[in-house]
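What follows is a set of structures to go through.
Paired with chain B in one complex and with chain C in the other, chain A is shared by the two complexes that follow.
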Partner chain A sequence: MTTESPPAAATVRPPPAEERDGSSIGRIVVGAFLLLLVVALVPTLWGAVSSMGAPQWTEALAIGLIFAPAAMGIYLTFRVLDFPDLTVDGSFPAGGAIAAVLITNDVSAWLALPAAMLLGALLGVVTGCLHIYLRINSLLASIITLTAAFTVNLRIQGSANISLLNSDRIFTPWTEPIRDQLESWFGSTGVQIHRAVTTASMTVLIVVAVLLVLRWFFATEVGLGMRATGANREMSQSQAIDTSRYLIGGVALSNSLVGLTGALFVQHAGFADINSGAGLIVSGLAAVIIGEVLFGSKARSMLARFVAVALGMIAYRAAIALALNADLRFPGTDGFRLEASDIKFATAAVVVVMLAIPRVSETRKERARRRARA
Partner chain B sequence: MSATPKLSVQGCSLTFNAGQHNEVTALDSVDLDVATGEHVVIVGSNGAGKSTLLNLVCGRYLPDTGRILIDGQAVTNQPEHVRARRIGRVFQDPLAGTAGPMTIEENLALAERRSHGRRFRRIRRDQTEQHREDLSRLGLGLEDRLSNQVASLSGGQRQALALLMASVSKPDLLVLDEHTAALDPGAAERVLRLTNELVAEEQLTALMITHNMDHAVDTGDRTVMMHRGTVLFDVAGEERAQMSVTDLVERFRSFRATVSDRSTLA
Partner chain C sequence: MSRSRAAGRRLFASVLFLVLVAAACGDSDDDATTDTTVAEATDSTESESTEAPDDTEAATDTTEAAPETTTAEGDDATAATATIGIVNIAPVAALELVNDGFTDGMGECAAVDATLDYRNAEGDGSQLAPIVAEFLDSDVDLILAISTPVLQATVAANEADGRGTPVLFGAVTDPFAAGAAAGPDDKPDWLAGWQADAPVVGMFDIAAEINPEATTIGVAYDPSLVNSVVALAKREAEAEARGWTVETATIGDSSEVGTAANSLATRDIDFFFVPTDSILVNGLAGMAQVADDFDIPMIAQDSGITQAGAAIGTGLDYYGDGRRNADYACQILSGQATPADFPIQQFSEELVAYSTTNAAAQGIEIPATVAEVGTDIG
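Right after this comes the complex of A and B.
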């Protein structure tokens, strides 16, 4: 909320953005459309759900948990700091790159996590400084950082792709015992899901740890100052908050979480890819929005909000698994299947629709108001 | 009053867009001393430099020339967020002085750390009773809405809260930039009355801009009239007590006439 108060004219400002809620007509229209879509897709979706077995679900859960810290980081910049930050598309592969190098050189798979967070934070600091000290627009500043990060990541990795399959990762020591245990419980199904279960059960601990740190941080004076910085920079300055430092710190914190996700992802996937970050911001936004829609945007405590975002990411990955599993066959065609590469388009479309709903209803309300005045 | 003035503005000038066709001299060598406990009301037409002066005092702008001292200590080049530890400020825009997405209690907790600095330490949770008490004096029923989002309050309520936040932990200086101008008459009256009460009870030193000529003579204990970046006149004490709104306007007219004559002849 930037406010340049003109010395003249006692203007009363329009109601703040946080007050918006959808008008009923807008909701009905969108609701009816979604309902129609669901009805049309039910047979296909049902097919997908029934064909999706335990392996697909557990894999979706594992990936959702891995991406949960990134989603929380994106929530932090996008919603708390009101600083749209695309650096994440660069800090994700950066976290993966440094982790991959540390792991393939047999340094330590665990050390790879803080190292990735540090590198992510550094990229966040670069973006923050470009914005604060050179007054570059936040989106442009983050695009500049992410472009430069591509080179840095490639230099760190040495090649566009590194395999970690033959190195010790944080999950490796647990894979065998968990497989044996699952096999004794579920037979061959247990073997199919043992990798995803290992990842999910270890990652959930990391996610809980991240949530506890965030809960602690936002209960401190500094954390409150950071929320204030995002809510109203001018006011924060007058409340003796060095908003420049708080903003840079917040963007760094956000990108360190994304770096953590990068390091976890390469350890699960078994490879690091220089191009893996493209589109992360959009999937993170999708998770933020899904979390808000499903678990409430008015959640009081900061912990509840971050939990909602983490669950949003898990729901998003589950929806993607479902979409990839769906066998969409249109009459007259040989059959049309959603490919993994189609997901980005679908995600972008979902985010646009979700962002459009409040905007559309606001426009409607404004029109109604004008009509009432006329 | 031989004591060090609370605030001392010494020969401050500020020019915007210097050397360009739209060059504006916002302040032209302004001197102003404010004694401890004084409540100064600043009036003047648009573009007189009132807001610029306050922004200079608060550190949002830095002067081209001159010095600013608080309690005899130079703060001329101190960044705004450092100086803000000693200054409470309320803006004209009721949305500007509070954080909408945060609760009333969080906003108050934020203001409490203004003069003490912020650390990685839990926010105090034992202040609720104090908050209730402070809020109840506003007479707006906010004491029962501590956990409500500030965005749900009306402009008048937000401005009253902003005033309370600005005056916590007794700032050296309370700076009010037309803080009642955007409110409806009822709310404006209430916020002004509250301002006077707080300033009197806490013995605050206040600088207040107003466009309301009644307030200019009724409120506070000194009136400063500005025009085109200079102090036109400055009245206090007995002279001010005798002054009516008509006198003030009359005086403004006569001064302005001489000023423009001078600039025409120059």
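Right after this comes the complex of A and C.
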């Protein structure tokens, strides 16, 4: 392996002109193939869209709104703080666990939300401290917290699965009146969508409140310090900004938002499961990227960016619901059918492609610059 | 200074190590209580070895500690004494039930004063061969193998051993496919037991009785669980025979159950069929809400799933499986029969449970045939 590395390194040199032309032909071929694929998929996609009933759209909206705070939290660590944080996979079930316990013990469904945020923040503080004071790599630090969080969550819940079907959740007092109203308007469809409508209409208020708080926060000195910390840590330190504290605070804030999502989710879904939340980081990243691409990559204000991310999460959830309905049979294949479980691969691929695009365009610009110089 | 610090560190490390050891030991005792992923353990080797380790949860009320020794007292003073080794693959509710039934059955066997030695491999298939070897070394009079992989390990070890220690088995879906026997009578002289093939027909019959016009069922399942895939294939075959269609939605996480159920519900299904899929069962509350809103009844493959939201659950009676094996063991150990006298038969006793509350929410009434044989959990 090591003996082969010098020739391998040689090929890294910028390719000669002929090869570049070849690559443009290759690009046309790939582009044509993708176009064909899209054309072939349009009917099935359209079929999926038209077969999606109102219950699925409303459910996607409700779930998207529930996960919007988590997406904002992931945006905060990933983009604002530049601190890749996997703790979210643990703070989501943690928020759900504490909420479920508070609700089943008849404490208060509303109190469950701040409690979940507090627990999430605590996990974020642990990750931040592991990184800052013990100098543990950020990813490793968050994986360590995530691992420990499993035990903590299990201890909080007492059992791996808690059903909340017969407990009073924040949506419970509104479910009945909304169902009756919707039933009088839409008949049985109204009954089918009433739960999602209740969740969506109440969650949207919570999301707006979160957005306003975030908007206020990022205009304060602390919030600005946090943004500066993420933008350039050395520079911030030289400006007498206590970057360690802001980093820990930022990760805590991010995870408190994820904890809030966990608490909202168990109240909507009707159960808390210790094993849920795996892969939340990737779906959150997908939402961040979709939000940036679709709803404003150039947005200047923090509020606009967080709104874009929230919308990105709703779009992502709608895409998942669509995929669940899609019967994508590729032309020429008999058995191959896209399943809902393929979502994970699709999500990962989307994230990779979207993360790669800026890099690729950078490389091309660099190449063009070098050519201009030559 | 630095030496004392080093000593302190060493002390700290050893304390930490001891705590870890203690935690590990405590674990192996606690783990015997596991989640409600019932019949799946009977379906295949993979399902168990993938299932059991990540189900470190205490969801059932079986409080069985392994290893455990129970003495079943016989009233008869002339009772023969015997040692029985019981091997279980994983702390799964259905498998524990076989042991419970067997233990109770042996307690009522007056002719034999049996000492039961129960071992649980805690989901680790590589533990089976050593456990069986230990039993054979200590000259147990009979081995009860619970689940397919245990049966396979026991048959292999017993064939190699050559002494012909009687072997019984429980919670085995297909002993023939497992290679333990070639046919009901074409088997080793020392082997006997019951085939526990969960009937798919029962769920369809119940569905047809509730709604004679039903033609479509919806199944949500985790495609990474082998037993769920196998169960789905059986269900699809039965549906095809009846001219029904099966709509499917896959889930990868219990948080996706609600979305999957929603998707199924919009495809005009008449029933939700709930397999013993641990991921699905963990998120079943999500499906129960959809079933409630759409008035689609949920019929489950195991009676225990009614607790999680299904209207009706029908599955094999694993406790009875254990009792029947105890009956065999009683006759064999008291010298009245040999394993060769018992051809492998299929047992079909089902344990049916229903929930009138869930049924009402899902817009059905419990049919009389179900109410007759089942227990109402409320």
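Operating definition for what follows: the second predicted complex is superposed on the first by the 315 of 374 C-alpha atoms of A that agree within 3 Å, B and C clash if a C-alpha of one lies under 4 Å from a C-alpha of the other, contacts with A are read in each partner's own complex, and residues count from 1 in each chain.
As a working rule, a residue touches a chain if its C-beta (ideal position, glycine included) is under 8 Å from a C-beta of that chain, and two chains touch if they have at least 3 such contacts.
Keep in mind that what you see is a predicted model, and the values were worked out from it rather than measured.
Contacts of A:Thr243 after superposition on the shared chain: chain B is touched, whereas chain C is not. After overlaying the two complexes on the shared chain, residue contacts for A:Ser301 are found with neither chain B nor chain C. Of the two partner chains, neither chain B nor chain C is touched by A:Asn137. Using the contact criterion defined above for the overlaid structures, shared-chain residue A:Thr147 touches neither chain B nor chain C, since it reaches no partner. Of the two partner chains placed by the overlay, only chain B lies in contact with A:Ala231; chain C stays clear of it.
Of the two partner chains placed by the overlay, neither chain B nor chain C lies in contact with A:Gln181. No residue of chain A contacts both chain B in one complex and chain C in the other.
Here chain A touches chain C in the complex through residues 51-53, 55-56, 59-60, 63, 154, 159-161, 163-165, 191-192, 194-195, 265, 268-271, 273-279, 320-321, 324-325, 339-341, 343-344, going by the rule given at the top. Considering their complex, residues 46-47, 50-51, 58, 60, 79-82, 84-85, 87, 89, 91-93, 95-102, 106, 109-111, 113-115, 117-123, 147, 149, 151-152, 155, 165-166, 177-178, 181-182, 211 of chain B touch chain A. The touching residues of chain C, when paired with chain A in their complex, are 35, 54-59, 223-224, 249-260, 262-263, 265-267, 279, 282-286, 288-289, 293-294, 308-309. Chain A meets chain B in the complex at residues 1, 3, 5, 7-8, 10-13, 16, 18-19, 217, 219-222, 224-225, 227-228, 231-232, 234-243, 300.
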